[in-house]
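Below you'll find a set of structures to go through.
Next come two complexes, and both contain chain A; in the first it sits with chain B, in the second with chain C.
What follows is the complex of A and B.
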């Protein structure tokens, strides 16, 4: 039996969120794209505002806690990061979330 | 009209609202954004919280295109004394970057270049800039970097 796994066989749908959806969230999108590439995970990352994020299907939402707290449950993984420039913090939190969801394959490098 | 850059260093700001206004006023002065854009950028933080503090010490102030952005512009206020934005982890802030974009796409390349330059040490370069002209030259480099191929680093 073959199972399709997110991030490996098909790309993860990822939203980066902020208040307006065209400043901070774009910076975070670029950091996230670098983080997913480092991790060898396939992802399509879109920057948006928090209210639009509610109606957009996603596997993962990333933003500051002040916004992600109100988005809990909107996507399987909702990740809070303090710095939108810190790729290492993001990689660690993405791996932790993937692990908790059972989406992580064993051969993924854990940095 | 060409994209605009503007920088102020050793800025004295009483609070985060004054810091945002200091960062955006030079873009008003050159006609890149209208007066109302500045207050819209302040209102965005009042409405949505201090999410514009995107990393320790640095804020990225902006409003929406329809709030009075005329041409693409990038500016900065480097503060003499840091101010608090009320951010849970990234206060205090001493570098307030700001931008205006007349549409929802034009600034995407600029922010990509900004993200690259921030990773390459732009914040510290701005903090140690010798004056307004020196800081503005750093922002000009960001503008010039917009069309460069993206580095893997």
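What follows is the complex of A and C.
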């Protein structure tokens, strides 16, 4: 039985969220796209607001803690960040979350 | 020659006059300049264009809900609802292409200024770039009447470019206090309220003793963060209370009439609830449309600016400061809302104006003023900051509705503090002798004189943002420049 690995064979569906879905989530989306590219993962990142995020199926949701705490359970991976520009913080958190969900391929280092 | 003229006319009527198509073309141009693949250019341009149409639909629903709300609340106090000779819905359609051109040309001027003067910050808060362009266009058309489109575009672009260049700079010292670094700047039209909170705050308290992050607020209040929920609730409750007041006054025909305009069979009280929900829905649709076209334009702008001005830092939306003091955000928001609602009651009782509570502007600028107020004076500063924002929003909405009555008055109910100041400034120049203009000239003179005294002792403020403490100054000068720059994109990136 072959398993499809998210981020490698299949694109990750990622939502970046903020309160109104405009300024902050868009910047976060650009940081996230850069982060996924650095990590060599395939991802489709959409910026949106917390209300809409509830009705959009996703593998991963990224946002500030004050928003992600309400979205726990809406997606398998819910990641809180403090900075919208810190690519390293985001890469670390993405890898940690994917490792906990068993999505990482064996040879990917979790830094 | 005749054919050439006809082609130009066709282009003018069908492309430049049709704002959605113009935005689509601008987006396509930006994406092509970034060497994106063809399928990305086409889908990006289409999404941006569709987003504009979604925005227009949202504005129509919103304006309809707004009128119903104002009519009922006015009826509760036996006032006439605010009137105007024009409406934002029409204004956006008529002037849409001017607005689109101002955003683009304005951004180009702004990027040029940052490059030429070797400044640090590039304004990237897309939705506010859109709205500020609308506000400036409305004020210019209101104040100066008919101008050729090119004059309007050039003047409007110069104004917004100046604002986008200066605003992150005057917020820089306070921003450094809040986020502790230079990594990004503050790019939000709440800057006047936030700046005042930062300056006036220290008179009321100090951060160490009164820090908001040492307080605990009830969790139940967290639903206010959801704009759709808080708008529907606040507007709905006020609507029902106002309808009750109208009924008590014996004017039940007004209620029946308004409800019947929507549906012949609906009960008026149910209509009240429906109206509030549709108002919130209009805002949700409007925001969805803005989000759609921004999702395409902002990355294009960012990509272009990264090529033109490597090493610049972005000026970003206000929520970027919220994680540094989340409790301060709630304190600022609550203080803003309470002050606004009190003023709403005062204005209505005095027969001046029917204010509409703008939930988004109470939350975001209120929260931001709270964070900056907290950074200098703890919870007292946060509360004062929120109150300043509430005052701005109440008096500003009242003033701006009248000031833009021939163009787009409903902008007053969507406005942030800086919008009010911008409209006031433009009209001060256009109509220098009205009462509000004279007040403005007086205030400006006072600020210039006070500023001259303040800056006389601190000349370095003009060139490099002021550093408050020796430690911060030492840190900034000893850190290598690379640390202060945003992370570099890897060399093999495709964008």
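Following the convention adopted for this analysis, the second predicted complex is superposed on the first by the 108 of 111 C-alpha atoms of A that agree within 3 Å, B and C clash if a C-alpha of one lies under 4 Å from a C-alpha of the other, contacts with A are read in each partner's own complex, and residues count from 1 in each chain.
In this text, contacts are C-beta pairs under 8 Å (C-beta built on N, C-alpha and C of every residue); 3 or more make two chains touch, one makes a residue touch a chain.
For clarity, every value in this text was computed on a predicted model and none was experimentally measured.
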Overlay on chain A: chain C relative to chain B, clash or fit: clash
Partner touching more residues of chain A, whether chain B or chain C: C
Touching partner for A:48 - first (chain B), second (chain C), both, neither: second
Touched partner set for A:11, first chain B, second chain C, both or neither: neither
Partner chain in contact with A:24 - chain B first, chain C second, else both or neither: both
First (chain B), second (chain C), both or neither touched by A:89: neither
Which superposed partner A:70 touches (first chain B, second chain C, both, neither): second
Common interface residues of chain A - those touching chain B in one complex and chain C in the other: 18-20, 22-24, 26-27, 30, 50, 64-67, 82-86
Interfacial residue positions of chain A with respect to chain B in the complex: 18-20, 22-24, 26-28, 30-31, 50, 63-67, 82-86
Residue ranges of chain A in contact with chain C within the complex: 18-24, 26-27, 29-30, 34, 37-38, 46-52, 64-67, 70, 82-88
Footprint of chain A on chain C - complex, ascending: 124-128, 183-184, 188, 222, 225-229, 284, 287-288, 290-291, 294-295, 298-299, 302, 314, 316-320, 322-323, 326, 329, 360, 363-364, 486-487, 489-490, 493
Touch list for chain B against partner chain A, complex: 44-45, 47-52, 54-56, 60, 62-64, 88-90, 99, 101, 104, 107-108, 111-112, 114-115, 118-119
